[in-house]
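Paired with subunit B in one complex and with subunit C in the other, subunit A is shared by the two complexes that follow.
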Partner chain A sequence: MSAGLFVFAPGFFDNEAVHVALAVGTAVAIVTAVVGVFTVMRGQSFAGESLGDIGTTGGAAASLLGVGPLAGFVAIDVLAAAAMELVGVQRVRGRDLATGVVLGAAIGLAALFLYLDTTQGSGNGSTVTILFGSIFAISSATIPAVVALAALSVALIAILYRPLLLATVSPEIAAARGIPVRLVGALYLLTLALATALAAITIGTILSTALLIGPAAAALRLTTRPLRAMLVATAIGIAAVWVGVVLAYDSYHWPPQEHGWPVSFFVVALIFLGYLASGLVKWRQEREA
Partner chain B sequence: MMFEGFMVNAWEVASIVAVVAGVVGFFTVLRGAAFAAHSIPNGSFAGAAGASLVGLGTLFGLGVFAFAGALGIGLLGRRGRHDAVTALMLVMMLALGALFVSFSSEYAPEVYSLLFGEVLGISANAVLPTLLLGILCLLVVAILYRPLMLSSALPEVGEARGISAFAMELAFLGVLALATTMTVPVVGTLLIFSLMIGAPAAARSFTDRPAVAMALSVAFALAIVWFAIAASYETNWPVGFFVGTASAAAFVLGRVWAYARARMGRRPSARPSPS
Partner chain C sequence: MSEAVLTVEGLGVRIAGRQVLDGVDFAIAPGEFTGLIGSNGAGKTTLFRAILGLQRPTSGRVLLGGRPRSRRGAGIGYVPQKFLLDPDLPLRGRDLVALGFDAGRLGPSTRLRRRRAAVEEALAAVDAEAFADTRVGRLSGGEQQRILIAHALISRPRLLLADEPLANLDLRSAQEVVSLLARVCREQGVAVLISAHEINPLLPVMDRIVYLAHGRAASGTSEEVIRADVLSRLYGHHVDVIDVHGRVLIVAGAGDDADLAGCEETVEHTEVIQ
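Take a look at the complex of A and B:
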């Protein structure tokens, strides 16, 4: 058996689910890396993580109303972002409180919607699917909407880039130069909501948070330049997704037999290791300097 | 009836949980540690899944993962961005949970109860462990009270007086882990998180004095939980829904109160005259 066959189990390159997973995973990795660098720089990881969780409330509501889940995820995340902004997420002090209150209320609603979902008899296993998502469960019909949302998020970041960067690094100087700091922050939060909704529905909330925060946090330990950090984060994210999908495909032959290990486990573990490795690299750089 | 038979367990356990959440939550809000308060309970559910896989007790698995998560956040947070590290620890624990869940076939329904709680179904033998862990948790807070309060409110002053902010951070995260271990198996992660944020945040809007705020926080938490159990009993809707929304409502109420007071303070002439 050649080395190639050993890494890529038979059928890997012909598998439709694998193709979709790789395509969607790559698109999401790019968007989350670009958006995530600002999330980490602005210290809004909690908001990013929460919006992923809150998306599931929209998913549960959508399944209750019989609407497509993507609409539910996007609608609830935009609403939640507006609520966080209203409660005061823009101030550093009290930011995590604003996020936490919105998150608590949203999960409370999710509990209700999931309860109503199950009592009205539309499937019992949906809880776990909604909560964890699965990259192998994406239908190819959702791809156009996902790509459109991804493009919109990246376009918003591109438009906001300069004022957002200044407002992030030094709100005082930005304000002095006439940049509407609060508006820019609110627009960024909207972008974060769109990106998180799209990530959460395609790859699940766990992976969505992992890809949003992990590669960006690792990249920002290696370089302080935002554009370079975005490139590095994108590379880390894509590498984690691809290696993770390959490992998950291989794991069908691992114990316990007959079903594979979850992709999310592999991708998150790789990202986590990548973050630890970035700390090591930084530590060595500091020691040599 | 609402106060008979199995319901007594629910009232007792929920009241113990509310007191602990009110006290621990006060420090959570003071320290701006809402993300950790969300992540440690949420991530620790993976421990429950892992424990059931290898045949150990749920409480043991929860405890191990809660403390491991707390330690990870504390240690990694020392050199990295605190919120990014918290997010990474959370997703790592959840990913392990997804792995454990995928190994076992019968776990799915339990996920719901660990996340959202099944307060009305609490059995009598859950009361004693909850009470003991609750007392332990409050005891730890009582011992740490002065240094933790100083280090949370004025970290620089604390450092100057020889109180290590890092040690206090680890101690606080440990208290969070302890509170998680005692509360998650009985009431779920959502309930404890909402209580820990909503009640103390509301309390702080009504007073500036720490001890009063903590007492108010406990009172609010108790009121929220009691209301939620009664409402859940009447409507059959999940307790988590009522706790989540009532906590948010308490927070909004506190904000409105603080806002109104600030406005009246600024413009004394606008104060309505007593009639």
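Take a look at the complex of A and C:
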């Protein structure tokens, strides 16, 4: 085996795919952390998971049409978010039902599109890429769109921060103060759709929730303030993506030779480890307190 | 009486074919402590929602400072009923109070220093400094009430609405919240309207009482309202008012086979209404 002892395998710093992966991964880790903290606080993890899964439909449709997957993810997730809002995401009980109904319909379409993709398309493994992602396969031409969508989502959260936080803590108090709770919730859902689409190009539609929920959930265990939780979640997300990219690049030198391991595996595994570690830290904090 | 902080005129609210409020009239003067008394289902929360502009009246109107409201929530602090907070919510008491200062605004806070001073002042007004740095969801019911009252007070409202703040509190915490609200009312000159299904904890501090039954209201001082004739008219059947060592018991009249089923009381309270 040629595997030497290295952290950065030969060629790591000169590889364009690596540069793109790090740039996209960083932007996406920031957005998913900022949006994800609210997702966890609002108890909308199921909506996030569903938007992720629904992205499969858009990705498969984009592949059929021969356009990039990001456009498909964004289009379908924004549509699905709008549908959830219309069907009744504003009521706590209606929320899960609306999400489930939209999810079922969309995944049915995904089954059809993925079938057409495999039977009629070039059969170049796009199904696996859509479902489980491949950050090394992202074209550098996608970077401006990723950065623009990321900036839009973070800006929306920054603008809505205080009304959104109060509406999250108590929709009743927020409404009594004159905050348009439903509009704020709908705009938040839009940022959730964008964040999920961005997570999907990074680690795939099925795994996108891991990036959205994992770092945020870990961060919320460690801090008592939402803004700090966003910073901690961002750090965890970026660390998971960067270390994941490095390990995946190294893995070309691991058995079985000549095939790297999937990046998404490393990213998700690292997020999970981060979540476990946060539990350990919290447990020790509470024992000392 | 100077210009009333709140005037409710002939207020009627119909929800899903049921007349929840019917011709409710009363007014609250600046700095007055008013108790809104009624059993569960009497329409207290609906009345609050109408005052806040969250429920459109089918008849009558609500005036704030003698005028129709300019925008929703303006000049009113609100402490909602049964507020259950997730213990893991990453928010300290002082953060929730700070949201009362400027939660309606978009973008990042620009008045951080003024906000910090206002938060300290509001926390001091409700004696909440000691637990202001704990996650709100981990505070006791009484402590959460204090934080919520501080949240409502920080925007310097002229009227503070508290919906059943004594429910789910033990006797001592309930007494503490009542004396706290009475003190806030006096010291900050804010009119307080507090709803409760039990009249006795509020008797010592109330300037005025609004008694709700079957969606209708009687209002005045406790001496004017807590009388057999007034309450019998309100309930639509005979009730007695009995004074037991300073505690008031409101009892459905014995031998009166009037429509008790129409009362909202549970079976074991059929006799003693209050």
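Convention: the second predicted complex is superposed on the first by the 269 of 289 C-alpha atoms of A that agree within 3 Å, B and C clash if a C-alpha of one lies under 4 Å from a C-alpha of the other, contacts with A are read in each partner's own complex, and residues count from 1 in each chain.
Please note the rule applied: contacts are C-beta pairs under 8 Å (C-beta built on N, C-alpha and C of every residue); 3 or more make two chains touch, one makes a residue touch a chain.
Note that this is a predicted model, so its numbers are computed, not measured.
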item	value
Superposition on subunit A - do subunit B and subunit C clash or fit	fit
Spatial angle subunit C-subunit A-subunit B, Cα centroids [nearest 10 degrees]	80
Touched partner set for A:170, first subunit B, second subunit C, both or neither	second
First (subunit B), second (subunit C), both or neither touched by A:210	first
A:225 touches, of subunit B and subunit C: first, second, both or neither?	second
Partner chain in contact with A:161 - subunit B first, subunit C second, else both or neither	second
Partner chain in contact with A:179 - subunit B first, subunit C second, else both or neither	second
Chain touching more of subunit A, residue-wise (subunit B, subunit C)	B
Touching partner for A:105 - first (subunit B), second (subunit C), both, neither	first
Which superposed partner A:114 touches (first subunit B, second subunit C, both, neither)	first
Touching partner for A:75 - first (subunit B), second (subunit C), both, neither	neither
Subunit B and subunit C, minimum CA distance [Å, superposed model]	6
Common interface residues of subunit A - those touching subunit B in one complex and subunit C in the other	220-221
Of all residues in subunit B, those that touch subunit A in their complex	29, 32-35, 37-39, 79-81, 83-88, 90-92, 94-96, 98-99, 101-103, 108-109, 111-112, 115-116, 190, 193-194, 197-198, 201, 237-238, 240-245, 247-248, 251, 255
Partner subunit B, residues of subunit A touching it in the complex	40, 43-46, 48-50, 87, 93-97, 99-112, 114-115, 124-125, 127-128, 131-132, 206-207, 209-210, 212-214, 216-217, 220-221, 256, 259, 261-262, 264-265, 267-269, 271-272, 275, 279
Residues of subunit C defined as touching subunit A within the complex	52-54, 71-74, 76, 78, 80, 83, 85, 88-92, 95-96, 99, 102-109, 133, 135, 148, 151
Subunit A residues within the subunit C interface of the complex	37, 41, 158-163, 165-166, 169-170, 172-179, 220-221, 223-226, 228-229
